[in-house]
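As structure tokens, the structure follows; a few thoughts come after it.
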């Protein structure tokens, strides 16, 4: 399941609900991304995520579908926040349930890496002094796109 | 931190508490192991974990220390339940906080694998018909010990 | 009227996240649309026409600036993504 | 008196998880202790003396059955671990 939302969410509660009643899946690997207060030695006061409603969800659904094709996993949950956030806020949760730990780890790792390069999300950092910068990938990476 | 306990625990709440206030660590990778109701096509009604108090904790602490030496991670939480459990119960939680996702994933993966081979824990499965069996590693593995 | 959408730094460059606009002619190309924008807002036009910017038409990525646009299309300008 | 601890299937084999026992002599080896147990409980002795079973003395793994034991030691018999 893919959810893109502006509201903050409780990662632990989402993981618990995701695993609730799964007596068939022995392993759950989850990744929680948190807004840091410093990136590349620049202080961050606020992070704002721009997204393209519909298009972004479809792109994330495609990544999840690819992971499900590639690994034998039971279920996948992907929640991504958009809009303004503060350091310490949970920005993304990826949870993968599987019968075996290998597949849970590999699928989760794939998704977290794929999000970094293929998620249609644009990040704007605001420094404590109010200056803003849009985060873009290094030129080599964006040239591939 | 290593905790070995007989009491059940709320994995999501533990993950939340672990990540609470970490504005320096952008990534948390967690692994939750759940008691399955079937292993190697045998039905499981109850799983009981035997451990050696003191010795088991020391062995787990050693694994955590090794992970901290090998990867640049912020903090590690390892909670292992012992005693009798039922399918669906959370048996183990490993959570790794790190500034970067690579290290969080690798340290978590190392720990989960190391638990499988190096944790001084003995598992007894009780089938629905009351028959019991102790889980031991395949001969090749135990010969290494 | 076509709907234009600007994402990421392009919304800052445009000073708006979206607009509706009459295409220069029906069945024009993205290239022709970009020329129209350049004639009106040179700086924005240059930012949109940068090779790193991709165009999606009705939520599907276009493979080139030769894609045909028509009225009622939703045309999105996507700068390099930051990733999730 | 030494304290013996049996883990995993060895506690089932022993019918008990622990016992206190007078060593055959002070500063005996684990080998000698195993022989004493074998003489009393042949099946348990054989289970404990299996090469896959490791011995920990005062919570430290012994490298061989030649390890010296003394009264007040805690001697644990560890079958292959199932893992966590």
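Labels for the chains are A, B, C and D, by order of writing; each one numbers its residues from 1.
The rule is simple: a residue touches a chain if its C-beta (ideal position, glycine included) is under 8 Å from a C-beta of that chain, and two chains touch if they have at least 3 such contacts.
Worth saying up front: this structure is predicted, and the values here are computed from it rather than measured.
Novice: Starting at chain B, how many touch steps does it take at minimum to reach chain D?
Specialist: Contact-graph shortest path, chain B to chain D, evaluates to 1.
Novice: Hey, how far is the Cα centre of chain A from the one of chain C, in Å?
Specialist: Averaging C-alpha atoms per chain gives centres 27 Å apart.
Novice: Averaging over Cα atoms per chain, report the distance between chain A and chain B in Å.
Specialist: 24
Novice: Where the centres are mean C-alpha positions, what is the separation of chain B from chain C, in Å?
Specialist: So the centroids are 51 Å from each other.
Novice: With chain centres taken as the means of their Cα atoms, state the distance from chain C to chain D in Å.
Specialist: That pair's centroid distance is 77 Å.
Novice: Please set out, as single numbers or ranges, the residues of chain A touching at least two other chains.
Specialist: Within chain A, the residues that touch at least two other chains are 33.
Novice: Provide the list of chain C residues touching at least two other chains, using ranges where the numbers run on.
Specialist: In chain C, no residue touches two or more other chains.
Novice: All pairs of touching chains, please: list them by chain label.
Specialist: Going through each pair of chains, those in contact are A-B, A-C, B-D.
Novice: Given the complex with chain A, which residues does chain B contribute to the contact?
Specialist: Spelled out, the residues of chain B in touch with chain A are 10-16, 19, 21-38, 87-88, 90, 99, 101, 104-105, 108-109, 112-113.
Novice: Spell out the residues on chain B that touch chain D in their complex, using ranges where they run on.
Specialist: Per the stated touch rule, the residues are 33, 50-52, 54-55, 58, 60, 80, 91-92, 115-124, 132, 134-137, 141-143, 145.
Novice: For chain D, which residues count as touching chain B in their complex?
Specialist: Those in contact with chain B are residues 5, 7-9, 11-12, 52, 54, 56, 59, 76, 78-84.
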